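Which chain is which? They are A, B and C, in the order written, and residues in each are numbered from 1.
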Amino acid sequence: MSFLQLSNVTKFYGSTCAVSDMNLTVEKGEFVSLLGPSGCGKTTTLQMVAGFEAVSSGSVELDGRDITHAKANTRGLGIVFQTYALFPHMTVADNVSFGLEMRKMPKAERSERVKQALALVHLEALAERYPRELSGGQRQRVALARALVIEPPVLLLDEPLSNLDAKLREEMQFELRKIQRKVGTTTVMVTHDQSEAMSISDRVVVMEGGCATQIDNPHSVYEHPRTRSISTFVGKANLLTGHVVAGGAKTRVNLGSIEVDVDDAGFRHGTLVLLSVRPEKLQLREAGQGRLDGMVRERFFLGSQWLYTVNTALGELSVLSPNDGRPALDEGHLAGIDWPTHCTRLLPADEPALHSVEPA
Amino acid sequence: MSASKATPWWLSGPALVLFTALLLVPLLLTTVLSFNAYDPATGVKAGEFTLEHYAHVFTDDYYYGIFWRTFWISGLVTLICVAVGAPEAYILSRMGKPWRSILLLVVLAPLLVSVVVRAFGWSMLLGPEGLVNSGLKLVGLRPVRMLYTEVAVVVALAHVMLPFMVIPVWTSLQKLDPGVENAALSLRASPFTTLRRIVLPQVLPGILSGSLIVFGLSASAFAIPGLLGGRRLKMVATVVYDEYLHELNWPLGAAIALTLLVANLVVMLSYNRLVEGRYKKSLG
Amino acid sequence: MRKNGPLALLFNALVIAFMLAPLLVVCVVAFTPENTLTLPTTEFSLRWFEAVFAHPDFIQSFWNSLWLALASATLATLLAVPAGMAITRYTFPGRGFLNGLFLSPLIIPHLVLGVALLRLFALVGGTGSFGWLVLAHALIVTPYTLRLVVAALVGFDRSAEQAALSLGASQTQMFTRITLPMILPGVTGGWLLAFINSFDEVTMSIFVTSPSTVTLPVRMYMYATESIDPLMAAVSALMVAVTAFAMIILDRVYGLDRVLVGR
């Protein structure tokens, strides 16, 4: 029995379709991310779940109850807004206790619950401060405490980390996950940052143009992207054009100068395809010892990795090699390029028309 | 958050009632009044309508002189405000932190002091025994007659109107990317050229908008010509006052007042449209 | 930004002197012990201030002005807050018209308003009525309040309201506990600006006040057209003091620079 269910949820603004036929089931305790570029409809979907936008058609069910048309202040969901939306004229403690106040909880019980919530986010010492006296990260944690203290059935996070600087963002990512695991609240997060979505979600809903284009666990989305745009959005990919020479359980693809086998099935002979290989899957060996040779044109030092652009007969390839202590290759160096067969993917050359998929 | 279609009307209702009753209706009544016939002996003739008041306003030499004086005084005040206010705003914008806000406030705060007080202050400064003349006497020059002449009116109006020029120019300057001036200088432009070709064009909308406000307010000024112009130096506003409270010829006063209003609105709205059209394209 | 040269600084000093001159003169002359408008050279005297407080007309006018300003500012604020909400939160036909209408007293000469209201008052028997005068002043100062209220609402983070709703607040609770406190600086600033403008107003008031409702600036105007003596200077100095006091509060609550320039 799913806990939060979106069935054919659609949103029109006039004649523009912002969200098209969204189907999603979220299990109790699950952490799901809606991932996509700006304008893909992820925030609109969240707004509809929260009740701030009306649903054009479709339904939203929470724990069996239809909340599609329920007023925003009756749904009882916990929401963390992108700008945190703290009440500037109230202290941290008052901010957190606001939801409990609205539920007419007696004062003593309220302050006890507020203390617990602040302890959860490690902000007990700042209870009497005002939002303007807090740093961005602290404000975000207050917003989280305020949303969790009411023990909501679902926690909605609208780009909660986008306003933090890079270092803090990394820390908070894992902190967020830890807290969610501890409290066990079903969570839906909206983000445009793929590393954020992948690292802490149980499942990722990739969205584009108002449609959910893939719903899967993070590893599957990364290793088995369904379309070209997903594969380039969720990480970098080398895309090589070719056509299928033999179909069946394994597919043989002609890339021009070489032919390769790919584990993906279901492609017909003669179809134009894209072979997708992620840069970290490419291995650099001695010249002549790989599937093909190439010359290193540029190299960039990324700290934990080296990024090489290599000129080959198949075009320019990006290769990511770990900085494992061995000397890096110089520009102009001739190298052999190899990859494990199971690390490549075949994608249709044409982009399929956008439509929402059923949950995997 | 959806609400009924009528909600905004309910919310603005009270204000709308006040404005209809105390702005729209009175203006309408005054318009009607300006067409009413008037007899010095019997007063306003409610049922009779005539264009004679407007004819009077537009043809009589006396009124023509007053309109002309109002016009050139307002124009002169506007020019002075541009010549003094725009550079002042620029100089202030280039000052360092504490002085900048303090001096800006010093220039603008007089806006919040009643015009009567300011006019009175000027009458003390420009009077025959006033400070300026005393200062002139001190250095051996002859005292100059300023009070109850156009000079006093122009000076005092410039004082009152200057903030209205500084504000829009200052606002335009704030919108300037501070790096733009430095970019021009780095490309070998002289400071003067930078000012003329980079800063000025972007500040021009502010100057024009300020000029409109200054001109309009000067043309309809009352307290300053009243206190500093004396009985002989009339401007449009003081003439209206005379007709209403001394001559009791309300229709004529109404005609003059409405002429002033229409002139004001026409100048503001049409010039505004012209300026907006030209600058919207280049500045976005 | 490059620094200002000496010429620029001199120009600036002259402008500052020009702006402050009449106000300083008024305040200083008010302390003269003489019978005529002279600068106090030998001693500072409070005799003219005493004369003001002994002058029943001026006292009466001061109270008129004070109550009038308090009442009209309050009325203007009560009207401007819902009107501001309507204009900023809703799109509806007529919105542009309402916005223009409510701001129009800023571009309609006070002279014309005075004349028009005189006509209305004559018709409805409003001359001599304090209530009608309050309405007239409220009309004139509403644009100032409305501008600040609108600015506060426009720069408002709506997600705070959404947060309140999501936590279970009703629309009314949201408005009283969240929206209103958050726009309070704008509302209070608007009230203060309205107060100052009503207190200072002379051109329209001169047409619509009657002997019993004469305001302080009007009284001063009438007095000044007849005789010029240090009594006027003392009254003026007191008016400057009242305005300065209001300005200080306005600065504390909202920021004087924000009010004047709108940063």
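The definition used in the following text is that a contact is a pair of C-beta atoms (placed from the backbone, for glycine too) under 8 Å apart; a residue touches a chain by one contact, two chains touch by 3 or more.
Quick caveat, the model's predicted, so the values are computed rather than measured.
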{"item": "Chain pair with the greatest number of C-beta contact pairs", "value": "B-C"}
{"item": "Chain closest to the assembly centre - both centres taken as Cα means", "value": "C"}
{"item": "Separation of subunit B from subunit C, taking each centre as the mean of its C-alpha atoms, in whole Å", "value": "17"}
{"item": "Distance from subunit C to subunit A - Cα centre to Cα centre, in angstrom", "value": "55"}
{"item": "Mean-CA-position distance for subunit B and subunit A (Å)", "value": "59"}
{"item": "Interface hub residues of subunit B, defined as touching at least two other chains", "value": "1"}
{"item": "Subunit A: positions in contact with at least two other chains", "value": "52, 72"}
{"item": "Set of subunit C residues in contact with two or more other chains", "value": "165"}
{"item": "Residues of subunit C touching subunit A in the complex", "value": "157, 159-160, 162-170, 173, 177-178, 181-182, 184"}
{"item": "Partner subunit B, residues of subunit C touching it in the complex", "value": "1-4, 8-9, 11-12, 15-16, 18-23, 25-26, 29, 36-39, 78-80, 82-83, 85-87, 89-90, 92, 94-95, 98, 101-102, 104-105, 107-113, 115-120, 123, 135-136, 138-139, 142, 165, 171, 196-197, 199-203, 206-207, 217, 220-221, 224-225, 228, 232-233, 236, 239-240, 243, 246-247, 256-257, 260-263"}
{"item": "Complex contact set, residues of subunit B against subunit C", "value": "1, 3, 5, 7-9, 11-16, 18-19, 21-23, 25-27, 29-30, 33, 84, 87-88, 91-95, 101, 103-125, 127, 129-131, 156, 159, 162-163, 167, 170-171, 174, 178, 181, 191, 216-217, 219-220, 222-223, 226-227, 236-237, 240-241, 244-245, 250, 253-254, 257-258, 260-261, 264-265, 268"}
{"item": "Interfacial residue positions of subunit A with respect to subunit C in the complex", "value": "50-52, 72-79, 81-83, 85-89, 98-99, 102-103, 146, 150"}
